[in-house]
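Letters are used for the chains, namely A, B, C, D and E, taken in the order the chains are written, and counting of residues starts over at 1 for each.
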Amino acid sequence: MPANFMPTAQEYLRFAPESLLILVGVLLMILEPLSGPDGKRKFAVISFAALAAAIGLAIAAGMDPGPAFSGLLMVDGFATFFRVLVLVIGMFVILISTNYLKLEGHESGEYYALLLFSVVGQCLMAASNDLIMLFIGLECSSIASYVLAGYLRDDKRNNESALKYFLLGSFATAFLLYGVAWTYGTTGTTNLTAIRAYLMDPAHHANMVVVGAATALMFVGFAFKVSAAPFQMWAPDVYQGAPAPVTAFMSIGSKAAAFAMFVRVMMTAFEPVKDRWEPLIWISALATMTIGNCAALRQSNLKRLLAYSSIAHAGYLMVAITAHSEIGTASVMFYLTSYALMSLGAFAIVVYIARKGERFVEINDLAGLSQRQPLVAALFVIFLLSFTGIPLTAGFFGKFYIFKAALDSNLVWLAILGMLNSAVAAYYYLRLIVVMYMQPPAEGAEELLAPTIGIRVTMLVTAALTIALGIFPSFILDLAGKSAAFAR
Amino acid sequence: MDAILFLTFAAIAVACAINLVLQTHPISSALSLVGVMTSLAVLYLLLGGSFIAAVQVIVYAGAIMVLFIFVIMLLNTQGERTQPKKNVLPIAIALPLLFSLIGVLAAIVATQVPAGEIVKFGTFSGGDPLTFGRAMFTRYLLPFEVTSVLILIAIVGAVVLAKKEI
Amino acid sequence: MPPIPTVVPMSWYLILSAILFTLGAAGFLLRRNIITVFMCIELMLNAVNLTFVAFSHQLKQVDGHIFTFFVMVVAAAEAAVGLAIILTVFKNRQTLEIDEISSMKL
Amino acid sequence: MHQLWLIPALPLAGFLLNGIFGRKLSKAAINAVAIGSVLLSFLWVVKTLMGLGSLEEVYVERYFTWIQSGFVNVGFDFAVDRLSAVMLMVVTGIGLLIHIYAAGYMAHEGGYYRFFAYLNLFMFFMLILVLAANYLVLFVGWEGVGLCSYLLIGFYFLKKSAGDAGKKAFVVNRIGDFGFSLAMFLIMVNFGSLDFGTVFAKAVPMANETSAGVLTLICLLLLLGAAGKSAQVPLYVWLPDAMEGPTPVSALIHAATMVTAGVYMVARSAALFNHAPIAMEVVAYVGLITAVMAATIGLTQYDLKKVFAYSTVSQLGYMFLALGTGAYSAGIYHVMTHAFFKALLFLGAGSVIHALSGEQDLRMMGGLRKKIPVTFAVLFCASVAIAGVPPFAGYYSKDAILLAAHAHHPWMYWVGVVTAGMTAFYVFRAFFLCFFGTYRGQAHPHESPLVMTAPLMVLAALSLGGGYFLNVPHYLEPLFGGEHAAHDETLVLISVGAGLLGIALAALFYVVKPGLADGLARAFSWPYKLFYNKYFVDEAYDAVIVHPLRDGSSSVLWKGVDARIIDGAVNGTGSLMRAIGGGLREMQSGYIRRYAAWVVLGSVAIIAVVSFWGGVK
Amino acid sequence: MNLLDILLILPAAGFLLTLFLPKDNPGLIRNFVFGVSVVTFVFSLLLIGPVLASPGRLALEGNSSWIEYPAIRYHVALDGLSLWLVILSTFLTPIVTLVSWKYIQNRVKEFYAFLLALLLGVLGVFIAQDLFLFFVFWEISLVPMYFLVGIWGHDKRIYAALKFFLYTMAGSALMLVAIIYLYNKSGTFDIPLLLDMMAKGRLVLTGAESNWLFLAFFLAFAIKVPLFPLHTWLPDAHGEAPTAGSVMLASVLLKLGTYGLVRICLPLFPGAARDNANWIIVLAIAGIIYGALVAMVQPNMKRLVAYSSVSHLGFVVLGIFTFTQVGLDGAVYQMLNHGISTGALFILVGMLYERRHSLEISDFGGVATAAPWLTTMFVITTLASVGLPLLNNFVGEFLILQAAVQVNFYYAAFAAIGVILSAVYMLWMVQRVFYGETPETVKHHMPDMSTREWAIIVPLIALMVWMGIGTQSFLPPISANSTQLLQVMKQPAPPSAVQAAKESVHAR
């Protein structure tokens, strides 16, 4: 190990998106005390621009893939794809946040700074090639999320959400760390590539029981983060309590990053022992989607319903991991993209419906939306159909690729049960359509003002992309296919 | 000698940990935790982690636990109220669960992890500050830097959440 | 009464770690004061750290110590944020009973 | 080309004109269209038959391929042979007379144009039935006449009973059609064609089926069809109810033409039946049973039209008896003579009813011979004809049948003779009740107009002389062969005697000693009630088939299977999912420590499984 | 550009344009959509020529890549099987537009937009030659119908709409799995290509595979048909839908199921189809009788007609699974017949509903006196529905039963009972609705047919007669296709498959 360690410019470039965001985050906090109460809008603009610029940097970094910082980072296609994805999600979250915060009277630089830091953590999760880096990235993302979940500190729901997320998150992290420790003890390294090499090498006679236990413990952590069964219970409570834009951020951005981490660890480090964890994953996947869908049937709170729906989607996503192939990975990437689009759209609408103090987050508050705001209702239908998996929406192709991956690995029953699950899911998505289209508005319902620009842009763009991906999925899928190979 | 040291401090650690779990007042728990941490620091030393042992005492037992105690005092909380009706169900569920957890973990360690060499103080000194610092500022430079962001987040977060309360 | 051993194999450290980890989990499941619960998490992290350090000794590497160090840093950060969250909760509800923080459910 | 298609097309044109524009046309115009079209059709039949000459060979006209698919190739073809020639003459001739009569009879009814449109439509289908050159086209006519029967029975649709009767007729006919169509399919499969020529040509060389085989099955199914259309046991129940229709309809459809379609069809299929002796035997039995059963019921009825309706059933039974004994030509002979006298009976009855402004109950009549003499006269002609008094029409055909029956099984002859006696009795019973004694009703009887009585007179002439002058069996000989049983004078005398005895008894009971009948009825109250209530067949059908089917469908199938079992399963799946969801909700208790417990539980399980059991593989 | 592309573009463009029409001008919307649908119909008539010119083969093929991976192709074509179904769909769309002219008064724009979307979906299903494309259109057709039932339906519309959607969705879930499985085996979704591969032995399915795939497809189609006992969504959906919805549902959407059976289940899995034929036929016959019996006791006219559909579609399935030329011809013909006559029945029931605002039979009576022409039209349609000769249904039933006799006499005997029962339930309804004295409630609300209604019903009646007599205008392309299909089904297993079977025997 050279004593005069000096990273190259190339390595810095590979870390550039995160660097930029960190700088901007710090800048925001410097500006915060300097700006008056009316000048908060500029924070949104700045952070939005920073995320946009970071996308550019991420793409630029992705042009020249390779490891950085002694192999701690691995900027390969996979990392770039997910970096861009979480950055884009971040941008949309900012779009739906501004007006929300303004209504709540809590617009401040810190919010955006925390958001940016959290995105940094997510980017790192996507790009880490070492368990240490992964852990740090995960914690960056999580700790910022804990704070964001409780951002409106006078709101009891926010407090509770933050506390639950924090306590349970830390609890699960302990399991994850324990797994990391055992992995380290068995293989003597925390570098994913090196772990893989160690496990591949028959000369090492790695004790499979210990490796299995380590994998299992790490799985606990990952499953918790992606809200997979039986570790999904925090999600509905936390998602319901957090501010709606933050819920969107957690259930989309954090989930995407967690899946990136999950897939990368399973597909690189532990791929050699896949026989051990593959059944585990598909059983968990099946349980996850079933639990998510069935529990969602009985929800009356829109956010909570979306939380269960997001659990169910995590289940679908895990199906593709069982394929342990590049195709499977690509389908995870595609599905996450489409899931992100439709969820963002849906949450934009939730934010719009909820209004100040989140007073209107019950399903019944949607009654007659098709007459009150036809466009919003129509767009919501698009998202819901996409969730359901009706063709010509992104969600359909997402499911299609997922179950195709499952069938590729001969998990016919899993595919069938998964598809039947989506039929169950159709029920509660359709119920929302029923409420919007087939029920009259409630007596004396407050008039809905036209959506603000941020919401409107989010809804329209995500809807357009949802449809576009539903007709021409190749664009993202090819990209995902090309990026699905890990640099090992 | 090593064995006696280990057994002593292991016993202290376990005893303090049990105390931590049993005490109803957070202050007692916090002090027990300090006990655990300190005895762990001794074990770290035994394992050749001189730097980490120091950090354990200074940062963990010192700074972090002080923070805890500070908050406990600030909130001036009482011990847990004894519940009106003794609810044994949680314990009835939790205890078997925990026994199976320890059982599984211990079984794996005892039967599958190679017993390893005898731990003898001084056989490994790779944990000294020099080696540690070398690794930290070369190979682990990036996480070290990112940790600063983490701390920043923590500060911002704490400020955001508790700005007017303190 | 078995004779007191004179030397200790590495796995004893691991067993100790497992015991501490479980005790932490036990505290999480059994204690009702949020702060105590939080301290139990710290206990679990300490147990993990012990594992790292023990393996580090076994492998004659410093990397385990580094990991331990980062865990401590993260623990510190978590402590700051966590205690802040606990503060806000207390402020809004005037309680630290963990089971009373359960308005979001079903 | 003789343009056979014109024969049915003319009434069809009449139907369309009246059906579409009838509401705006005057009665005269409607009459002109309706009667004119049938007249033209009749004339065209006459012209064609004259043009075709002796008809030694079948004359076929092929128009277009109707259905072509795989081995199924059915053309829309018409054919004429001697059998259809007889039927054509009967149908168009009687049809024309009845159309004329109806112009008078219906003059004061609502829906005048509709009535004639339906009647023309009936003519259209009946002519198709008769002209058909294959089974499918025959089936078109077959179903079509059923439809018209349905429409005309339900002509007075304001009356529920009329609607019910129409529906009953259609449905019972459908049961028959069920048999017919299955027979048709079997013919198609076994002969590769539905064309009469082809099928019969293939059937001729076949051996007789001494045990039940496919031919027997075909013939029995055809019999089922025929039984439906021709009101044979057990499907005769619709015909008495069909009297809800206007009287000309009863005469035309339910006496003279449509109901004989079954006879025609069986005769048409003689080539098949000849090879299926078992089926033949069944035909004979069915015919005989029907004849006796209907006759016994006819003895006791008081509704004038009902008496004639049961008489029709009974006479149709005779015809089937003829068919079953192989005397096809005798059957057809009886078809024709029956058409004459039964049409006359009905039209005469119509005239009586018309005279009494709608009264149909014999108990409310009496002593009408002075008031409506023409009707009285023609009805007398008809009654003697049906009673088999020589030398009138019924005598010839009935004797032909009875002789054939004797040749087949002598006991059938004896049953037939008894039935003939009963026939004579009940017809004259009605006749006497109607025209003799004193008038028991309130209406003011008046003779019908000429437009009604003129057809009656023509029919009366035919009833009297039709049997002698139109020797159908001889004409049909080339088709069915010389199957005459030896002409046995004794047997003829016995049957004539039975008829005369019946008349005499009727006279005794209802003219000479009125009241004797009631005494007799009391003396034999058990059979009397049985006859009077028509053997309780309708009630039995209701109890055994109709009600179980309806109630079962409603309570078992619909509300049970559909709503409870299937939908129950479907909704149950939904409820199960929701219940699972509810259970999962309960797990979502909101308590952090419980969630943590789940985490621990999950971890323990996963660690144990993944590490120790090494996964499932 | 292929004619078929234009066929799809017309309703698609119409749909999109409708969305941009001003909401407060319903007249414009109606006229526009009517115009579009008429143009589509007229255009679809152009397709007849090319199809007739190539009997038994695909005509007007359009084949271009849609998605690279997995290889999904926009492969459309028309043959004798789909030709008339396409025209049936385009023919009925202007008619239901007219039907809804007065019926639909609120949210006119959405209604007509959904109508065109529905047309797009079903046309796509009928012309798709790629399994994936087929599935896409299959699902698309679901959505507009869901809205049509759910928004403009009667009281229990929401339950009905959900039930309809979920039932179908559950079935199609399995179908999608089967489609993917087939792709993984063969590397293509293209139906003609799959058939080709099977013929040449490049794609060999084991018996079990073939059986399961068949069942997966079959279930999806059987739900759509609907085959007893999967039919319970149908009375609800039909009964609750607005007239236009009922018509499209009965006339076109149900045909998707039977069409799928003929297009996919039979040629792709001939062995499995034969193995399963017996119980399927038994179910079909059960459906025929069951549907009829339950229809008989329905107090609601629409539900009655709906159950009659169960019965009629049972005939279609029966015909298909006889695997004979006659049966297949009859089945396809019967699909068209049912489309026309049941569609007309629903329209007429809708007309009654518009007058009396009730669907309960007991609320009617004596309509014949008040509205004789309406009655006449209804009776004619009824007669077509019960299979009176010279009207359309007869031909189909005749062929199907003929084929059934060919296979097994008892099949035909039991199925024919349905013919008897159809007369019972239909005529009973006619009697209760139209005959008898006219109650006051009916008398004053029962104007006879309007010009618009004449324009709706006359084409339908004309078609009933035409299809009953002039069958040769329609049957030849269908026959050519059936011949082709039977050819495909008869193909002996390629040598490699035989070998594989032998090897597996030896392996045991």
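The rule is simple: contacts are C-beta pairs under 8 Å (C-beta built on N, C-alpha and C of every residue); 3 or more make two chains touch, one makes a residue touch a chain.
All figures in this text were calculated on a predicted structure; none of them were measured in a lab.
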Kindly indicate the chain pair that has more C-beta pairs in contact than all others.
B-C
If you take the mean of the Cα atoms for each chain, which one ends up farthest from chain E?
B
Chain whose average C-alpha position is farthest from chain C's own:
D
Centroid of chain A to centroid of chain B, CA atoms only: how many Å?
31
Here the gap between chain B and chain D, centre to centre from mean Cα coordinates and rounded to Å, is 100
From the mean C-alpha coordinate of chain A to that of chain E, what's the distance rounded to whole Å?
43
Chain C to chain E: how many Å between their CA centres?
65
Multi-partner residues of chain A (at least 2 other chains):
132, 136, 139, 143, 146-147, 150, 153, 162-164, 167, 171, 185, 209-210, 213, 236-237, 427
Where chain D touches two or more other chains at once, by residue number:
574, 585, 588, 590, 592-593, 596-597, 600-601, 603, 607, 611
For chain E, write out the residues touching at least two other chains, lowest number first.
166
Spell out all pairs of chains that touch, sorted by label.
A-B, A-C, A-D, A-E, B-C, B-D, C-D, D-E
Could you list, by residue number, the parts of chain A that touch chain D in their complex?
163-164, 167-168, 171-172, 175, 208-210, 212-213, 215-217, 219-220, 223-224, 229-231, 233-234, 236-237, 275-280, 290-291, 293-298, 424, 427
Report the residues of chain A in contact with chain B in the complex, numbered from low to high.
1-3, 5, 7, 15, 18, 22, 25-26, 29, 68-70, 72-73, 108, 110-111, 113-114, 117-118, 120, 124, 132-133, 136-137, 139-140, 143-144, 146-147, 150-151, 153, 162, 185, 207, 209-210, 213
Please give the residue numbers of chain B that touch chain D in the complex, ascending.
90, 93-94, 97-98, 100-101, 104-105, 108, 112
Given the complex, residues on chain C that touch chain B span 4-16, 18-27, 29-33, 35-36, 38-40, 42-43, 46, 49-50, 53-54, 56-58, 60-63, 65-66, 68-70, 72-81, 83-88, 90-91, 96-97
Would you pull the chain C residues touching chain D in the complex into a rising list?
25, 28-30, 32, 37, 98-99, 101-106
